[in-house]
Each structure stands twice: as structure tokens, then as C-alpha cells.
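Next, two complexes with chain A in common: one pairs it with chain B, the other with chain C.
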Partner chain A sequence: MATFEQHIHPAPTTFLSKYIFSFDHKVIAKQFLWYGIFFLAVGGMMALMIRWTLAFPGEAFPIIGTMLFPDTHGVIPPDTYAMLFTMHGTIMIFYAITPILIGAFGNFCIPLMIGARDMVFPTLNMLSFWFAVLSAIILMSSLFTPLGAAAGGWTSYPTLSTVIGSPGVGQTLWALAIFVVGISSTLGAINYITTIIVLRAPGMGYFDMPLTVWGLWLTAILNAIFLPVLAAGVLLLIFDRVFGTTFFLAGAAATSGSGDPVLFQHVFWIFGHPEVYILILPAWGIVSDLLSFFARKPAFGMKATALSMTTITILSTLVYGHHMFTTQMSPLLTQSFMTLTMTISIPSAIFFANWLGTIWKGSIRFTSPMLFSLGVVFVFGLGGLTGLYLGTVTTDLYLHDTYFVVGHFHYTMAASVLLGGFGAIYFWMPKMFGVMMNECLAKVHFWLTMIGLNGIFMGMMIVGYAGMHRRIYNPFVYEYLQKLIPINTFITYSAILMGLSQFIFLYNFIHALLKGEKASDNPWEVGTLEWTIPSPAPHYNFKEIPVVKCGPHEFGNPNLKNGRDYQYQTEQLVEG
Partner chain B sequence: MSFAIMYFISSAFADTHMSFWERISPPKDISVNGHLIDYLFHYTTFFNIVFFLLVCAGLFGFSYLYAKKRHPIAYYTHGNKKIHVIVATLIGAFVFFAIDLNITRMSSNDFSKIFANFPKKDEDVIKVEVLAQQWMWTFRYAGADQVFNTDDDVITTNDLRLPTGKKVVLELLSKDVIHSLFLPNVRQKVDAMPGRISKMWFELTTPGNYEIACAEMCGTHHYKMASKFKVYSPEDFQRWLATANQMALAENDLANADYFWGWQWEE
Partner chain C sequence: MSSVNAEIHNDIQDELKSSIGMTVILVSLMMFFGTLFFGYAVYRFTTETWPPMGMQKINLMLPSMTTIAVSLGSLFFEISKKYLNKNNKIQGKNFLILSIVMGLSYVFFQYLLWRSMGQLGLYTSTGIFASLIYAFTWIHVAHMSMALILFFWAYIALLPREINKKMLRSFTNIGTFWHFLSGIWFFIFIFLFVL
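Up next is the complex of A and B:
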């Protein structure tokens, strides 16, 4: 067990050491949170511009359009459109979701939930954040280069992403930014993995860890293994672009030697499929915990849930070929990837059943974190099931690269992760900042977001099934897509609704920080370790390192006599 | 709130005579095997709906029944009794065997027996070479001599013409970046890549005018990389090809090295 001596260090005193170059996992978590929310806003704004173009081609983007695109009187030009969807994808994945779910909540929750005073490598932790900042600066600076930012899609397939298709320096900076963000995530991942292995409080076995920690742990493992793969891929891309190598060039495009553009797709998706799970696993973990916390009932089949998540993690490394069916791999390979992909549904169905099992016969408190968690069950159900069409090779021949794919992966990666992330913010706000957010506003935020995102992503799947393909500036140059104008308009209205409703969140968040109601130590009446200490958590976390005596989800034990319906993990399990 | 949504929906769909169902349907299937893909889509959708309704029944049903005010005391269980494990495993197994394996089997069959089962060497098929480049499609027919890259090849730009009633095989190559030939009416697409030839085959059923799109992001004007797609009856096709062949012989600019972009047909 933990053989590390964890000292209490004196609190930092200067502004720099306390807020900027802090070693404290809670401060780094908040830095990642601000960073992530900022980029969520940037990426969201880009999404609105994309949606505007699709619904109202040729019309000026309202309010800020003429300022941003003066040459075209506010209309988004086609090359800018390509930059927008490229940057939207890149930013949302690496600069919004990753920092919020993994950077902020990974950092905040892991030490607090396993009873540690900090991460095992605080310096790596700090470096992880500053590498992320460096990466963001590189990426954003690419917007101001002569030919603009990268515009080949977030997947940046060669040869489009080589100098043949993207001569500007923006694409090189994109690759460099991804490389640097890879360093950041890998540093964080090593830290998380090690911390969870060595710093668990005495008495805490792996199955006594909250499922949040399980999710973050599996995510960190995938990150540590697969981000270096992506980094290798973009490094070779940089070589091709800058030093004239031909790793990814072939045919007439290759002046000397001969590489293969499809090689990049293999490298990219070996990373890319696990990346989906890198993003979703923390949300799954958080939702599994929150469902139990607010159903006031132990997480149903907790071990099975943890093992299902582990199985999915392992399977996720074996299925990436389903992204490449249209490159015409050998039929045997195609069929193998299809079959392997389908096996993922076994563990998925099991933990889905466990989620429903958790709320079955519970005593559900519909707080805002609970609403968001139930929302995740709904949207992830849709996202997971619609994946079947894309894992199946023949339907994928039709649906690949259409908006059906866009709708599907937004349900899994965007909707589920976003709702999970919001649930986490509402839930840990008191422990993070010592204040409560307004429940009523939170619920309005939930319902508007939920209506908006289902309008958007359901709409996308519908237009995709009707044949509308991806990444097109103006779908209506095609006659067969003209009937989709009203549905595209509807999607855009839904996006505007969803975008506007985020202001409710922003107001609530900032209002809570400035003059929110002070939180008690355990406002949600939950027994995991972070709720045994004051709110907000002091810089040393635990005065005494806690000793864990029971699981994280001890609710509703009929033998409890002290008037509470829950037990702290530091308490001996009450038995009859 | 709901009023506002109703307003959006009704305003969005008010201006037409098309039913909502028609509007969201894929374009007309004009191929012999496209219905296999449509069928599998509907088959999957049926099971998905059943399964999702079950999820919703659990989600909304339990949320209603076990809300705190109706069910103040939770049932204390860790869900690790034998019966719980059996039920969860059964659900997992049911989904896998009843839905997934079925779909996989059907799709695998269709794929290996049809979509990836290219016509044999000696079969009489229409052969077309497709060159993709930013941002146009060029199509090459072998002409009267049945050999590609010779003087009498018929070449068209952004205009693919094919007959019904005969298998068609396309071979694709890209000159610059990766593109993807998407025939919505045939329910198929395949990437056109630099340095390696990809193939697609199908057989058409219905003459008419259709469209072809590029489905893979290929640069700024990706959205405009469209091609006309004209399907003839066999007689009309022969007539057109014969005329085009005459014109090709008269007009092909053989001095231009770019003319010989074709390749030896790969069997």
C-alpha cells in the first residue's frame, strides 16, 4: 500500500506560487477549468458560425460578422469555413473537453477521492498545464498566419495536410500544437496512473475507489499509450511538410521515393478510436457515481461496471479500422474490424443495465448533477446505438463521411461528455470553490441544453441519412440536398438555443463565485473522502491521511442508526 | 418554451408540399443491390428503437416510480446477488447475439458475396477509370479497342454516363489529395487515393439524371466537387458511346502528355 510519506507543506504565499506556477493539484485543476471553459466558448462560437453558414448560405453572420470578415461583408468565405470546422474539432477535443474532464476533474478528484495530499509528481502536473498553454498559444497564433489556420479537418489526412494541399504554415503549427498538447496529456497521464497506484489511502483497494477515479484511471492509461502514437504521426507529418520527406506522399505527388497517405490514417485512428474513450470514460465514471449518490443507493454491480469499463478500454484498442472502411482494406480485415467493433456492445450493455439498476428502487433526488447524469444515460444510449450503423461495413459504405457520422459522434463525444462535465461542475463546485450554484438556474440550463442538443444532433443524423455529406460549405449546390434546407435551418435554431442557454450557466457560475451561498462541508450528503474535509478543500487536503473502511457508495443501509442514510468511507460498514 | 419550439418546427416546414418522411428519406435507390443497405439500415433501426425504448422505459419509469416523494426509502442492494449478475449478463448477451451478431452476419454476407465480390475477369462489364483531383472528376472509357490509355478513349469531365442492366466497375485514382466518390443513389462510396487504385462495382436499374459528390474533405472547394451522373437504357448508352467515340477520335489532343493519365486496367 502507500509507502509514501506525504508531508504537509506550508501554504504558498506569493501570488505567483499560489495562482500561476502552483504545484497544488486543486489550483492546477482550476487553471484547467478556466482554460477549458474559455476554449469551450471559442469552439462553441465556431460551431455557431458553421451552423449559420449551413442554414443561411451567403448571408452575413450576425453582429460580429462584418468585424471578422470585412472583405466579404460579414459572409463567411469557403476557406475560412474549412478553418472553422477544423479548429472547432481540434479545439473541442484537445482544448475544451480534455482540459475540463481530464485536466480539471482528473486533477481535482483523484487525490481528494483516494485520500492523498497531492499528486505524486506535482512538478509534472504543473508542466502539464503549461505545456497545454504553450500548445494553445501555438494553435491560436496559426489563425494570424498569412494563409490562416489549418483547414484540412481535425483528422488532417495527408496528402491534403501536406504542402500539396495546405501550403500555409498554419497546418505546420497545427501539427506542432498537437505534438505539444500530446506532451501535456502524457505528463498528466503518467501522473494520474502513478498517483492512483501508490497514493490510495490505507485500506482502499481498487474496488473501493469511486467509479470516477476508475474512469479517470482508464483514461490516463489510454492517454499514456496512445497519445505518443498520435505524436509520432504528426511528427512525421511535420517532417513531410518541413524537411521534404515523403512518409505520406504517393503517386504523382511524391517527387522522390514513395510513402503512403493511408499510413497516416492507420496511425491516426490507432490513436483516434481510443481517443473517443479517453474523452468519454471520465464522464462514464462520474455519471456512475452521481447516479448512485442521488438515487441514495449503492452503485448497482459496481465491480461489473468497473470491469466493463476496463474491458471496453482494452477492446477500444482493437477496433480502429472501422474508420477506414472506405479506403478499401482487404475484406478479411474489414470483416474482422467489424466483428471486433460489435463485441464492444457486450460490456456497454452490461454497464448500461447497471446504470438503470442503480436508479431502480432508489430514492431519487433530482438535483442538478443528477439531472445531468440522467441526461447522459439518454444521450449516450442514442449515441451508442447509432454507432451500430457505422461499425457495420455495408451501411457504412453509404453513411461514412455524411452528417450521420457527425451526429453520432457528437452524441457520444460532445453531448455525453458535455452533460457529464456540467454535472461534475455543479456537483464539485462546493468542494472546489466553497460555494453552491443556483439549483433553479441549473435546472433551466439543463433542460434548454438538452432540448437544444437533441435538436442539433438528431437533426444531423437525419440529414446525414438523407445523404448530406460532411465538411461542405454549401450543401445546396447539390440538387438532391435542397430538400434539406428547412431541416438545416431547424438544426441551426437548435444550436442557437443551446448556445444562448450556456449564458445561464456562465451567469450562474460567475455569480456563485462572486457571491454564491457558502457551501457546507457535505451539502450533497455523500460519503466519499472529499466530503470528509472542509469546503473548499484546504491546500493540504487531509489533516490526517484517512483510513478507508468501506466502499464509496454506502447509501440506504437499513442498519444505520445515526439518522444519516449514508456512510463515510472512513466508517466501518454497519452490519445487522 | 414548447410553444417557441413548435413555432420553429412549423415555420421550418411550412413552405412545402413534401411530406416530412419524403424529406428525410435518402435519394432514390437506382441500383440492383442498394436495397440490401437500405434493408440493413431499417433492420438495425428496428432493433435500436426497441432497445432504446427499453432504456427509456427504465430511465423515465424508474425516475417516476422511485422519485424521493414516491419512494422515500431506497432498497439497499449492491446489485451483486446472483440474480442481478444473471440479469445484467443476459441483457449483454441478448444485445450481442440477437442484435449485433445478426447485423454483423448479414452485413458480412452482403459484403463478401456482393459489394466486395468483384466481377470475374472474363465477365462482360462496363469499365471506367476515374481520376479525382482538386476539384473535378474525370472519367475515361476504353473506347472501341477496349484498351485504356489509347487514342480512342472517351473522356468526360464531371459527367459520368452509364447504362442500366450491366455490371459497372470503376477504378479510381487521385492526382493530388484523397477524395471519395459518393453515389448517393447507389448507396456506395469509395476513396480515391494518390498512389493506389481503389475499385467499386454496381449495377444500375433506373435511367435518369442523378448526382455524384466528393465525400472526403479535399480542400476549399470540396463542396463543389460534384459531377453529373446520367443513367441510360442500354441502347441509349451504346448510341451515346458510339458518338462519343467518333468525337474522341477526332478531337483527342494526343500531343498533350496530360492526355495519357489512364492506366492499364487492373484485374
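Up next is the complex of A and C:
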């Protein structure tokens, strides 16, 4: 394989070049991390407000309620409730999970794990972050507009999102923000794809890359292909709202000729289903690595896992129709989409089995990253299995738009990704900041989060199965749903528990940054390339570009005689 | 590694970086415009008569002029690149200027098209027929403007430098972007104006 010269750039000297407009992938990763954590808190607070309304309808939101909603004496009004669930979904997906998993860990891990000194296009990388900031400013400013922020759901289906459904400027700003964040992610994707192809260390074939890199690479490919689809959709939506075009207005709503509101749904889900995998692939990759690292065993069926992830990536582009079974699709189409959706179970089952194979009979070290990884195995299993009911036409017709859907996608997109993200933070903290987080607090954080999130999402699936629809301000005006008040209250208490447990993480994180124990170069005893350099990683990453001689998961080799149970990727595989 | 070898090596790296990066950008743009054409197909095939009742087809004069302008822009840019490859900076510059003139003509023809549509009573809110033409041409002009800015940048920033492989690579990328947009315009011309 060809290897290329990579110059060592001089270290930045000014505050601006070092921390604000930095070209260094590690600094940009940290910027994305702070950005993502901030929006995780904002989105989380919105989630608590939604849950409060569903558990205690008509009661003032505690502490900050009267300040935020003085006209209703602290009670969340119905129109604000619609804004809250819209902004919660949007913020969590595009401004919290994406920046943390893809922005932060993509930027941090890719060059370090493939043995490169930086991304291939550092300027593009910096621009990617600042486009994300611009997008966030646009989105947050919509909260302060006269009629408030977008309220058409994170999917923003017309006619809810047209000027008829959402007359204020908030929905327009939402669409603009999504368009800009799309540019940010596409710039990132161009960088990730090219960097992985061009800058892999000498000797590193594609199957020598850690699975984290595989996950991020596949995500970048999906981003580059499908974000432009959403961009086109929201751009037409902006035209409808600002210039009076009639793409998504139908019948009497359009002055002449006829638009098609369902077209937006098609466009949205052509992007939207791959988006699920865009979010989850990095977490899968990270977890696949962490399970092997802490089971002290080579990743079981590593090539099969990588190929399964690739197969899922390809199949994810063909199944979007299962989100639209209730839009009067022809039975031939629904059956085709159902069959294609079911085929995703095959590669999913393969890599899930590989996860279990990896930990089977391993010398498991129950560190915090491992606990979070095992958590992902559990919640993703639940999320994946419940997806089968929604991918099947007959059961989906009953479950569509109920809280069962909300529970399912939170298990897959929120719980798995959140736990994977936390696992990644705990794991790469030493290399990122040069300090260790407190393990005891991390484990408390894990268990409380795990109990909380299962209380929430399991509860959601139960109330959804019982017929409770999503996005209703006060479902209990319907007699048949009144019996579900206690379980909704339980879900809300679980949400409060989960919310409060994040303070443990915040305390641990900030304490580690300020007074944390200094990390050694390789505290987890792992052999991937980033652990061959000092902690925190120096600005040039590698003094000499490493030469890769073995895979990323060389553990438990009985021929090793140096007292270690692992090998660095730069070491020749020891044979008997 | 000897300095000559290192230079060749860096050239290969730059070539690879540039071509992969550009390919990803073009794939993204293809998906973007592909979505718009997908939307067009849905509207077109679900409407019984096209243009819808009470609307008339756009006269082909201005769209044809636009097509000629973008095609000549592409051609002149390629000739400019050819001269630069032969180290003939003066001719390269002349043909780049001609490309810029063609780009500006394209924008002018688009402006005339919008004005003529207004005179026909076709406004953005007139219905899906007008909406499609306005949206496609606006989006295309926005992209072509970016390409034009790159042309200007090439004229101001690239040409004064010594001709080398890096500069020619930048030229090739700008050209690829323009040719891609010319191709997109060709589809717009056929689907929205001719058929």
C-alpha cells in the first residue's frame, strides 16, 4: 500500500488559533464534544418538560416553570408542548448525538487510530464545526421569535410545517438550520472518507482498521449520500414558506396546480432511515472494539462484523418505506419494504452474535467503558427486536404513531447511542485530556442511567402497546387512556432519575479536567495506535508515522512472553 | 527517500486526496439534484396535462441561449486548461476570461427568463409548474455563482502563480465542478423546458 509523507505542522501559539479557529482534529473534536454536551443538556431539559406534562397535566413545571411560562403560572401550554417535542428531537439528533459521536469521536479517533497526523483537509474540518455553530445559532434563535420555534415534529411533515400549519418564522429557521447543519456534516463526511482512504498508516489494510473507524467511515459515506436528499427537501420547504411556491401544498391550499405533501415524507425518510444508521454505526463500531478490549479477547468474527455493518449500511438505503405504511401505499410496495426491512435482521443478527462471541469466556474487566458497552448490547437487543413489529405491516398499522414507536426508536437511537457515547468518553478521556475519570462515580452513573432509561423506554413501549398516541398534549382527556396515568408518572420519575444521574457524569467530567488523576500513556492496556503515543496526544500525534504489523484486537496470545496480554498494532504478531 | 521521489510521492498523494474529495462532493451534489428531479418526476407523472390547464409552455429561446452559454463556458475552460498544460499562460488567461463572460451571460439569461415568466403571469405562487421552474433555476444559479466565484478566484489567485501541478489540479477541480453543473443544466433544459 502506498504511504504518504505527512508534515509536522508547527504548534499553534495564539489563543484563537489554538482553541477557536483550530485546524487540529483533536481540538475540533473537543469543540464538538463541548457543543454536543451542551445540547444534550438542552434537549434533556426539554425531554423532562415533555415528561412532566404527561405525568402531571395542568401542573406547573417545578423550579423554572414560572420563569419560563409566566402567562400560565408555570404550566407548559399546548403550543409550547408541540415546540418542545419538535425541538427535543431535532436537538438530540442533529445537535447532541451527531456532534458527540460523529463530530467529536470521528475527529478524535480517525487520525489517531489510523496512524495519521491530522485529517486530510484541516480547513474543511474547521469549517465543518463553525457551520454547525451557525446552524445552532439559527435554530436557537427561533425560540425567541414571536410565534416561537418549529412545532411540526422533528419530521416536520407538511402541512404541519407549511405556513398554514406553522405560520411563524420559527419553522423557516428550523428548515434553514437543518440545511446548514447538513452542509456541516457533509464537509465532515468528505474529510472522513478521504482521510481513511488516503492516510492509513503503512501496513494498515481495511480489515486492520479498528471497528470504530469502520463505523465512522460507513457513517460518513451515508452522510455524504443522504444528507443532500434532506437538504433538497428542506430547501423546497423553505421556498414554500418564504417565496410562496407550492411543492408541498395540496388541493385547496395551493392556488393553482397541486403540490404533494406526501412527497416530503418520501424525501424525508429516504434520508431519515439511513440517518438511524448514521447515528448508530459509530456506536456499534466503538462498542465492537470496547467489548474486545475489555474481554481481553480478539473481536469474534471481526471481518464478519465489518462486512455486516457494511451490508446494513447498504440495506438501510432501501427500506425507508416502512415509515410510511399508513400513507395508502400499494400492498405490493408495503410487502416489498417489509421484506427488505426483515433482511436487515440477518446482518444485524450476525454482528450481534459476534458481540456475544467476543465476550463469551473472556477475561472480562468490568471497567466503566465495558459496562456502558454491555449496556449497549442489552438496549440495542431490545431496540432491534421491537423494530421487527414496526417493520411488519400488520402490526405496524396498529402500533403506528403510538408511544411504542417512541420507545423503540429511543432504545435504538437514543439509549444505544447515548450509552455508546458515554463509553467512548470514559474510554478516550485519558488520550483526549490526559486525565482519568473516577471509576466509582462512572459506575454509579452507568447503573442509574441504565435503570432510568429502561424505566422510560420500556414504559413508553407498554403505554404505546396499550394505545397511547404520541404528540398529544393531554392524552388523559380520553377515558380509555386514563388508566395509563400511573405508568406515565413512573416513566416521568424514571426520566427525572436519569436526568439527575447526568449530574454525576458532569461532576466527574469537570472534576477530572480540573483535578483528575493524570493518565498513563496506555491505562486500559490496549494495542490500537492511539495508545502508542503519550497522553494527552501531542499536537502532531505521531513523531514517526507508525508501521502496522497486526490487527487491532490482539489479546490473550499464549505465545506472548513480556508479561502483557495484548500486542500493539506496531508489533509483529508473536507466533509459537 | 530522495527529494525527487518525495516530490513524486507528494504529487500522487495530492492527486488522490483531490480526486477522492471531489468525487465525494460530486456524489453529494448528484444526490441533491437527483432528489429535485425525483420530485419533478412525481409532480409530472401525477399531473394529467403538462403544463397544467391555463398555463403555457416557456418559449425555448432563453433556455436555449442559457444552454449555449454554459456549454461554451465548459468548452472555453477546457481550452484554457489545455493551454495552461502547455505552459501558455497568455492563451490560458484569454480563454478563462471567455469562460467568465459565458458564466456572466448565463446569469443574465436566467434573469431574463425570470422576467419573461413574470410577464407571462407565472409567479412562484402560480402553481407547481412555475414553482418547479423557479426552484430549479434558482438553485442552479446559486451553484453556478459559486463556480463563477471559483473562476474569478482562479483568475486572480491562481493564474499569477507559476504553473505547476498543484495549480493545474485546482484548475481541474474547478472545471469538473463547472462541467457537472453544465450537465445538470442540460437535464433541466430537457425536462423542464423541452419535454
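FYI, the second predicted complex is superposed on the first by the 572 of 576 C-alpha atoms of A that agree within 3 Å, B and C clash if a C-alpha of one lies under 4 Å from a C-alpha of the other, contacts with A are read in each partner's own complex, and residues count from 1 in each chain.
The working rule: a residue touches a chain if its C-beta (ideal position, glycine included) is under 8 Å from a C-beta of that chain, and two chains touch if they have at least 3 such contacts.
Note that the coordinates shown come from a computational prediction; the quantities given were computed from them, not determined experimentally.
By the touch criterion defined above, A:L382 lies against chain B but remains apart from chain C after alignment on the C-alpha atoms of chain A. When the shared chain is aligned, chain C comes close enough to touch A:L236, but chain B does not. By the touch criterion defined above, A:Y206 reaches neither chain B nor chain C. Legend: residue contacts after superposition of the two complexes on their common chain; A:W34 is shown touching neither chain B nor chain C. Between chain B and chain C, more residues of chain A are touched by B.
Using the contact criterion defined above for the overlaid structures, shared-chain residue A:S258 touches chain B and also reaches chain C.
Shared-chain residue A:F503: touches no atom of chain B or chain C. In the superposed model, A:Y19 lies in contact with neither chain B nor chain C.
Taken together, the two structures place residues 254, 258, 260 of chain A in contact with chain B in one case and with chain C in the other. Residues of chain C that touch chain A in their complex: 1, 6, 9-10, 12-13, 16-17, 20-21, 24-25, 27-29, 31-36, 38-39, 42-43, 46-47, 52, 54-55, 123-131, 134-135, 138-139. Remark: chain B residues 1, 5, 8-9, 12-13, 15-16, 18, 22-27, 36-37, 40-41, 44, 48, 51-52, 55-56, 58-59, 62-63, 66-68, 71-80, 84-85, 87-89, 91-96, 99-101, 103-104, 107-108, 110-112, 115-116, 134, 173-178, 180, 182, 184, 187-191, 193-196, 198-199, 210-211, 213-224, 226 touch chain A in the complex. Listing the residues of chain A that touch chain B in their complex gives 78-79, 82, 151-153, 157-160, 164-165, 249-254, 258, 260-262, 295-304, 326-328, 331, 334-335, 338-339, 342-343, 345-347, 349-350, 352-354, 356-366, 374, 377-378, 381-382, 385-386, 388-389, 392-395, 397-398, 400-402, 447-448, 451, 455, 462-463, 465-467, 469-475, 477-480, 483-484, 486-487, 489-490, 493-494, 553, 555-558, 565. Residues of chain A that touch chain C in their complex: 2, 4-5, 120-121, 186, 189-190, 193-194, 197-198, 224-229, 231-233, 235-236, 239, 243-247, 254-260, 263, 266-267, 270.
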